[in-house]
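Two complexes follow with subunit A in common, the first pairing it with subunit B and the second with subunit C.
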Partner chain A sequence: MKQSVEKSKVKAKRCENKYKNFAIASVLILIVPLWARFIPGNLIHMDIVNVMALAGIYSCAVIGLNLLIGYAGQISLGHAAFFGIGAYSVAILSTRYPGFPAWLGIIIGAIISCAISWIVGKPVLKLKGHYLAMATLGLGEIGFIFFREATGITKGTVGIIAIPPLSIFGIVIDSDFKIFYVVWITVLLLMLFSMNLIKSRFGRALRALHSSEIAAEAAGVNTSKYKTVVFVMSAVFTAVGGGLFAVFQRYVNPESFHFSVSILFITMVVVGGLGNLWGAVIGSIIITFLPSIISALPYWFPFMPESLTNFGNYTLVLYGILLIVFMIFMPKGIAYALEISYSSALRGMKRIRDRISAMRYTKRK
Partner chain B sequence: MSGNGNNELLKVEHVTKLFGGLAAVNDVSFTVNSGEIKGLIGPNGAGKTTLFDLITGIQRPTSGKVYFKGIDVVGMRPDEITSLGMVRTFQTIKIFEGMSVIENVMVGRHSRTRTGLFSSGFLLPRSRKEELETFEHSMRILEMLGLETRAFDAGTNLPYGQQRLLELARALACEPEMLLLDEPAAGLNPYETQELTQLLERIKSDGVTLLVVEHNMGLVMNISDEVIVLDYGEIIARGAPEEVQNDPKVIEAYLGSGIGNAKG
Partner chain C sequence: MLRVEKVSTFYGNIQALRDVTLRARRGRITTIIGANGAGKTTLLRTILGLTQARHGHVFFEDEEITKLPPERIVRMGISQVPQGRQIFSELSVEDNLQLGAYVRRFKDRAEIQRDKEFVFELFPVLYDRRRQTAGTLSGGEQQMLAIARALMSRPKLLLLDEPSMGLAPKVIQSIFKTLFELHEKGLTILIVEQDAKIALEASDYCYVMRTGKIALEGSAKELLENEEVKRIYLG
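Moving on, here comes the complex of A and B:
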């Protein structure tokens, strides 16, 4: 028993470590706007704070989707619909009813997504296999058609313009700088929630059912319930991201919720690392910066043909290639590669330090 | 919890499972009284694993009834049956990948704990308390099975024999009233088998009822109060170990399938 008490301490220490890493990562992210403003725009040809804010918005969706794909082992091909529900809820409510608080719109979008995902997920996730992928494929398509064709409320392809900014406690979030902080604090809270979840009873049940559904059931886990709850949770996270997207862009149109956006989310999950919570954030940041980097290329390398940098034409192709390449060569994603190189760097540093002190020791002798 | 006077814990009545034309389990009836160890033997393909699947809700019988503690469990989900206190292990080991040994056991405690989405996400005090209790309970089980030093290793990194034990630990974690073990000694060396025998006796003395499928005759005959013999999905013999061992029908079934009487 004594031994196991010691072990408990070891375990507690590991948890502390986790929070330490979380704190370090939070600080690294939250100081971005502080240094980014000193980099002259004509040097890099992109607005780092603006792109980072968008990356944070996508992170909300990708964190949720990563829980679904990476932990519960289910695939959704229609998360763009939930992203759209979040965005349109804010857009419609705050343009139709002047003075309607955008944050309430975000909550309403989350509730609608919650209801829809539950209605779709509950019957489908009773079945074993990948039926959710098919059902959400349909859902994504229906969502997109609705956003485009229900012109009475969504204004169709024209989109909804002049969405008023978010305001929190009387502070109007009207600059990229401010929205960056709103977005990333939301992301960090979602991360914290997910981190707690994953190492708890709930997360263990998820990881277990991902490994063997039958064994998880035999161990007492109601697998269809857990899959449904994770699907609903991922839909809610995504809708929150969508709501932030509306107050970030201040303009929405159906193109932002096309099927390719569902694939974009999946690409971010895979590139970052399936079943790796920080992977979701890393994948979102990398993939969100990709178009900005590609469109900045002609400035950096003036000899590049312009057609190559016309990013919009190649998005799906590029995501497809990335998905294939990562699945084959780096199935655990970039986050895992970073973890490995980080710990081997630590080990290498320790080895060098040991050698130096050994050298000193022999010298003294 | 029906008060049917005696201490029948599990009652299987005329259970049949058809796979197309094949009757994998054919009109099988038996009872297991609480506190006993019942052995279930039979040549390969006799239907033992299928019978376990039918009892624990992994598969649904084509016909027949299964009662646990007087409750009709046919049509219940496996996790509901587990929460009732009847837990099984698998012939093909199913250790949860990517999880440590202790976490594997902690999953086994799922049905005895209740922390939900919000209390774990927000790390409410009651979830922490329950988490600690779960951890300590699971650690005690690992200690009982001698796995405590491997608690933080990946479950799938354990040697084969210890993976079998880990599966047993996971099943024990939910404090079952009844354990169904599917070939717990498969792949164990003689020493490990000896230890397993003692362990099963200890589990029995803790008041757990056992139904054990096993090809290792030494083990079955040693621990069982009664043995049931299955062949081609049907019960061909039942009784005390010595009786069954000398039953000509049993000997024939085993010889017919090319497996000696002494081992699997």
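Moving on, here comes the complex of A and C:
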């Protein structure tokens, strides 16, 4: 009895800690636009709030994909298609039917992604390893070809322009500043949901099936159901990101949903840290800032050759290199490294504090 | 307690089990021996519903379980220790046990806690390592964890797939000692083994499998004296 009371105390403490870290991270993110506006643009040559909003949009997809890859251990090379479904749902509905609320478009995009991922998820997730990678690659390719070729609906390579802005409770979200908050509040809600999911019985079963599918099945876990559910969840998260992408850019064309975007998502998951919830967010932020940093380099270092700054040509190569480097040297990602240094910093600080108080104590004596 | 009747299981077109019939009686230790590829693992998977039988029936306590999903079968009281242990190596020892109790309801929490204490008593070394990730355990400790995990669903019948595989004789002895203890407490046990000597010494009744079929059966004593068994399986 006593033991269990102690245990519940420990549990409560851990819970408190979890939300404390979440609150700190939320505040750190949500104050970005407040200080970023005071940094003169001609000093850094990038729009921090704008890039952060885009990073948040990608985070939605990457949080979902991390549940699938990092927790359930299943790969998808085709999530750009769900990103596209989300974006095109908003774009098509709100340009065809003037006055159609964009938020409803986002929800419809999520529902369509849910339905499609549910239908294809069950058979596809029976596959393992390379076969699963191939199948999802095909899925992404079908999506891309549809966005490009179904010109009657998607306007093909021209894309859909003049998407009206999102409006929520009568507030028109027409600036980077406003969209930043819409995006990041969404991200934080998805994070909160995922945090609780991972700690639940569902989350434990997910990690189990990642570890040994045979044993998970033997314990009574319906592994194919679990895999499908996570696949659907990741597709829905990604579609929500896609919908926000449409009202952020205000135009869409197939290029934004190319195979390379699926790779971009995976790079973000890996760089942040497989199976690390905050890793998804950190990876998204870092990778989204990368092109802006590289294109700002010639302003910072005026002597750099132009060929190096022409970033667009190298994106896939760069992601590939990052993937390889991280897989080899930092398989747990940046978030893990940050956690380690954060906790050792805390420990260091505590040691210093202890020493100071010890010194005081001896002095008083 | 368990009756398997004329069960045939296929992997695609390959037939792995041919009209297998056997039973595991309540309160007994039954073993199945057979060479690699004889179909022993497939048989255990079929009993638990992990692989569907194409023909035949499986009964547990006189209820047909042939087409039930594994979750239901585990909840009814059959639990399996998979071949090669298959512990959740990235998870803590405690989380492994918690997953063993996966099919049990939330309201059983206090009972699950008690059962955890029970398996910790059975394997004290697991208690010492309860916060460690399971991958850091030694081979023998991993086998203990696999058994402890299987016990967490409160089975009436425990299936073990080659529990002696890859373990030192001393460790095997201690694991079988624990199995006998559980047996004393009323657990019915079905063990699959390649090592016929261990199996025959441990069991009351024994089946010999060959290429998907039951080739021989009898009490352990009978089989120990059987010329063929002596020649092929006991060397």
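Here is the rule we go by: the second predicted complex is superposed on the first by the 357 of 365 C-alpha atoms of A that agree within 3 Å, B and C clash if a C-alpha of one lies under 4 Å from a C-alpha of the other, contacts with A are read in each partner's own complex, and residues count from 1 in each chain.
Methods note: contacts are C-beta pairs under 8 Å (C-beta built on N, C-alpha and C of every residue); 3 or more make two chains touch, one makes a residue touch a chain.
Predicted, not measured: the structure shown is a model, and the values here were computed from it.
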Partners on subunit A (subunit B, subunit C) - clash or fit: clash
Which of subunit B and subunit C A:200 touches, first, second, both or neither: first
Subunit B versus subunit C as contact partner of A:233, first or second or both or neither: first
More subunit A residues in contact - subunit B or subunit C: B
Contacts of A:221 with subunit B and subunit C, given as first, second, both or neither: both
Subunit A positions touched by subunit B in one structure and by subunit C in the second: 4, 201, 204-205, 207-208, 211-212, 214-222
In the complex with subunit B, residue positions of subunit A that touch it: 1, 3-4, 7-8, 10-11, 193-194, 196-197, 200-205, 207-208, 211-212, 214-223, 229, 233, 275
Residues on subunit B engaged by subunit A in the complex (per definition of touch): 56-58, 77-80, 82-83, 87-88, 90, 94-99, 103, 106-108, 110-113, 115-117, 120-123, 127, 130-132, 134-136, 139-140, 143, 148, 151-152, 170-171, 174
Subunit A-touching residues of subunit C, taken from the complex the two chains share: 48, 50, 69-71, 73-75, 79-80, 82, 86-91, 95, 98-100, 102-103, 106, 113, 146, 149-150, 153
Residues of subunit A defined as touching subunit C within the complex: 4, 201, 204-205, 207-208, 210-212, 214-222
